[in-house]
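Shared chain: chain A. Partners: chain B in the first complex, chain C in the second.
Up next is the complex of A and B:
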């Protein structure tokens, strides 16, 4: 897998080039891996006509392990290291700093190597008191301006920085080093980055551990105040000594950082999974308006959407509409609870942000977007146009009044779709219980009939299919809510109704008590129905997917990106 | 000994030995990880003469994570929440460095009082007040300093009575005539103060808000 992938390694990850890469990968990986959802050994009973070719509602993708991704990263690092003539660790930091855009890095580096190196934290700023180069990587510098810096320099920092300087020479081997952080004078092991800000090794270790484990940060700057020098990988490894767990976590963070910079890569969102999925065809925003890129990492149950943060299959509705719907459900049910909750999504890049302390000025770790915790509006607007956010929010009160004034009809319309949506979700959740019941039933069947274990698997398969199709149905209600009235919507709802009816019938069959006399007939019935339900589901998904490609769906609300 | 404990103990001791500075750090109970810091309001500011207390919580991986600080003493300042005391200051967040100390951080808070940054506010209402009328803002900040931080009384402000009843109009930085105007319409004084404060009914801004708007808010 990984060796095939390397074909494209020397290309840049910017968009334009991606297109060519595309086709190469499509040829290599069109193995239908996305559709392997059949239960082992009994798939043959349930084959839906169409074979193993990629369906119109499926997307090509491949799963990469952490070592696979590390190999790709190493190729980039070696390439940059070679052409710049710098250590691989330096090349790696330069790449991270430039979000792995090799072309941009090469251009900027050729233009002014020293400026790039200083900004990336791999070189010291020039000695002359020339104006410091703009620190593009740090949003706080630009947002808070010189006042903050001045304010800070009023503080008693001179003392600490003086003491660092004072100890710089004794640390070379003489005597009585007092670590400026732990104030311990008995420490013999010390470490310093190229800036020679020297601290004891145990402080370095704790600091790096805290950055990596608590803040999930992989760019570790010197501990001295206002020092921008970055601890490179060998330094980090040395400082962590025998703490392999933190070192591994650090490496995972590096991979995550790389993956987040490459539009056609996404890290598996499942807890403690370190796989990455590559999906070239869903790498652009516009592609997401005509497809729902549902993928899975090499672990088949790790199903997620490549295009948005939903960790589940939300076909047939496209990401932007699914998001609108979820937002609506949240706003309409428990707005208050939601605001009180302690995590939110960054309104720019959607990464989850946790509130820390009482200050409402939030900065997204990932994209550096600054916003207000209370109103989620950009922080910059609080500075200039002064819309209020604490206690009194004009916009919120206007919205509240609007909500009251909203016609009963539109609320009822929403509830119509919401209740059906919620019902399928609820039923799907209950299918966990159904699983347990089915297991018992299957044991019973083995005892009361001639059927073997393999032959009673049809029950389990039926439960799986019901679950999957309820998920489809659930999202069809979100889609129907936003579809404009007309012929197309009617056809959509016909398909929806047929699927729903079939699912309910199958559901009933599996829950009915078993009569040993009719077990063979039941098996036939359930198997037939399962095939039929799958077929209805296919039709539903296929028709919506084609509809996107033909531009058949029109929405009754403004869809993000359209 | 635990490095965090050694460091905090040393910081507390250093602060005790320094007789020059107005900054003090005291224990709340036996724990050295929950402290109260105090400093004098800077001279030449509306906070002059006041003594400001700050709640300090030392996180588990201090000094590698920033210390948590908030004002205990109520402060009228754009970068401090007038309700919770929460502080918007970069070194308490991502600009923190392990070489910073409790004392240096308290001194930074002291200088924050000297140089409000209304473009990066914690309390939007206070910031609006500051932007609308600096002198009115300063009167209010001075009044708060007197009421909450033991600052000196000033003639014409709160009738100079430290222990006397609080002047809610001065607390909100409003004009007596404006409050009286809407009180005369039959609204409760507290409600009028609340609405006018929220609408930033001050200085030049008064011309931008018509009476109907105020009444509409009062009726809510």
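Up next is the complex of A and C:
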């Protein structure tokens, strides 16, 4: 065991060894699903020859189930429990408090064990030499229970030390316990954390349930005011004895907390999925500049990007550039460009004017200045040449027109990429709709012709491939917008063009009317084309991924992190 | 019987038998959903001679979840001018949200607010009063409070 921890002296908090060990264990009892771990999550039905090993645009990752993660957590907990000589539940809370950074926890704990324990809520703060909490008279004590004294002390010592505010010792109420929360004196079962703030079990249960269910909180502190003692796992389990559902939710929250602390782990973002993906190579920010870590948990359709929440699969463009592109599409920088390229400013009052018709003799609505739309000079100088401006260009108006031309070019450039980007998204959606219609037709065909179910499945595969490749194409336009001019970009655009052409051809085939006579020929065509399109997509992704690794791509904008 | 009802019944019995601390009075508690209490700050403070009313709203989760507490602003009562009290009566106090503990009670909340007012030296509205009030939700519990100063 100890060897596991000797390697972790680097900053990067590595679990590699444990994972390998874990993977083997998974294979032992995970009834065959372990093979899925190796498979690229995006089901490749049509295998391109030689496509079984990992491709350059894919990342190495592993899907972990909740019990797998719990096992990793237990290893850490046992380790800390062993070297600190504390209960595992205490060790777990100490680790949670330190965001599972064992090295930092060990350092701090060795330095000042009690300070860390108090901060983590596993130990009481040292008693300060303050006078004991004001005792109420015995008659009041028995009538109103311990809170009465607590309330008084809140009022009297509003912001003083914690120890004076502590709820009075429960010793007084052992015979006739009145829960200070529900004031029910018929409750027989009570529970208290080490701070001895005693409450009835049903209040504890309700409190913990509310924390876990509505606040998604896994660090549950004592119910007493200002008490920082944390309910450890055995206590929570006891309180939730007859509510297994909440207990399970609590355990999931513990796993989520752990996963969020470890850079190379990510919780599957799909609703109600409890799997975790481990991806060591994409754990650092800098690694995201050279790869697009698309992963999937053990459920093959749960595809997501390990590096960002932007889109399930934004290959080939890296997270930072994809983010930049979406931001550009969302903000109105191009609105400003539109204004700049389609309007002029009155040279006298600077009002923005759009010319929507009429002659070049303009009169500003606001300041009544009369000018020429072509040269922006005063109309009075135009004399009798009414509708044409042939005046010599002053330097100022040349400059103004240059600036306008630049904004117009920039706008056109953006729209070129944006239109294609949006078009692929739209087409991808439409092809899914088309498929739904086609499927119906295919079902009918199975009845009318001799085709079997399996024989008409080629259509589904083709639609899936078209959809996937349109997503790739969509993001290639975002990438191309930011790529600097040069040979590299030209090669990139060649690949893009080839893929696009292939995809459009396949799209057309899918949309062709299905006829029982010609279906076999269509099937052959579609299947061939599908394989070809997949290959083009592969080339596109492979080339960009290699480009990242070789540092071949240069951007025309500042990319975050570069 | 729901825990919130039993608990509020008990609090009400206590108030009726033992009375309330000085400066705090129960105005009305006709049901177990909404109570009104008045708060006066005693002694030599900036609020001398003023009387405020607090409105408590309880849900079925009380006392596990905090009550919604705000100052009454109507023809009869105004919200005190205090750096943690907005002109619509909403109060920015940690014990009403994150620091709420189920052992606190209606009376203890009043006492805390009373002492919050008592320690105020200068009558001022919160700096972001206008911005907050124009967009505030009806129920102050729906506001995500950000507690920035613990002095007052």
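The definition used in the following text is that the second predicted complex is superposed on the first by the 368 of 562 C-alpha atoms of A that agree within 3 Å, B and C clash if a C-alpha of one lies under 4 Å from a C-alpha of the other, contacts with A are read in each partner's own complex, and residues count from 1 in each chain.
The rule we apply is simple: a residue touches a chain if its C-beta (ideal position, glycine included) is under 8 Å from a C-beta of that chain, and two chains touch if they have at least 3 such contacts.
Values in this document were obtained by computation on a predicted structure and should not be read as measured data.
A.B. asks: Quick one: classify A:284 as touching chain B (first), chain C (second), both or neither.
C.D. replies: A:284 sits against neither chain B nor chain C.
A.B. asks: Could you look at A:554 and tell me whether it touches chain B, chain C, both or neither (first, second, both, neither)?
C.D. replies: Touch status of A:554: no partner.
A.B. asks: When the two structures are overlaid on chain A, which partner does A:224 contact: first (chain B), second (chain C), both, or neither?
C.D. replies: both
A.B. asks: Which chain, chain B or chain C, is in touch with more residues of chain A?
C.D. replies: Tallying touched residues of chain A, the top partner is B.
A.B. asks: Once the shared chain is lined up, is A:457 touching chain B (first), chain C (second), both, or neither of them?
C.D. replies: Neither partner.
A.B. asks: Tell me which partner A:274 touches in the superposition: chain B (first), chain C (second), both or neither.
C.D. replies: Neither partner.
A.B. asks: Thinking of the overlay built on chain A, is A:206 touched by chain B (first), by chain C (second), by both, or by neither?
C.D. replies: both
A.B. asks: I'd like to know which partner A:184 touches here: chain B for first, chain C for second, both or neither.
C.D. replies: Both partners, chain B and chain C.
A.B. asks: What residues on chain A does chain C touch that chain B touches too?
C.D. replies: Residues 140, 143-144, 147-148, 150-151, 154-155, 159, 180-184, 202-203, 206-207, 210, 223-227, which sit in both footprints.
A.B. asks: Touching chain A in the complex: which residues of chain B?
C.D. replies: Residue list for chain B touching chain A: 3, 6-7, 10, 61, 63-65, 68, 70, 81, 83-88, 90-95, 97-101, 103-105, 107-108, 111-112, 115, 117-125, 127-128, 131, 198, 220.
A.B. asks: What residues on chain A touch chain B, complex-wise?
C.D. replies: My answer: residues 140, 143-144, 147-148, 150-152, 154-157, 159-161, 164, 180-184, 202-203, 206-207, 210-211, 214, 223-227, 356-361, 363, 379, 382-384, 386, 388-392, 397.
A.B. asks: Report the residues of chain C in contact with chain A in the complex, numbered from low to high.
C.D. replies: 3, 6-7, 10-11, 14, 17-18, 21, 61, 63-65, 95, 99, 101-105, 107-108, 111-112, 114-115, 119, 150
A.B. asks: Can you list the chain A residues touching chain C in their complex?
C.D. replies: Going through chain A, the ones touching chain C are 140, 143-144, 147-148, 150-151, 154-155, 158-159, 167, 180-184, 197, 199, 202-203, 206-207, 210, 223-227.
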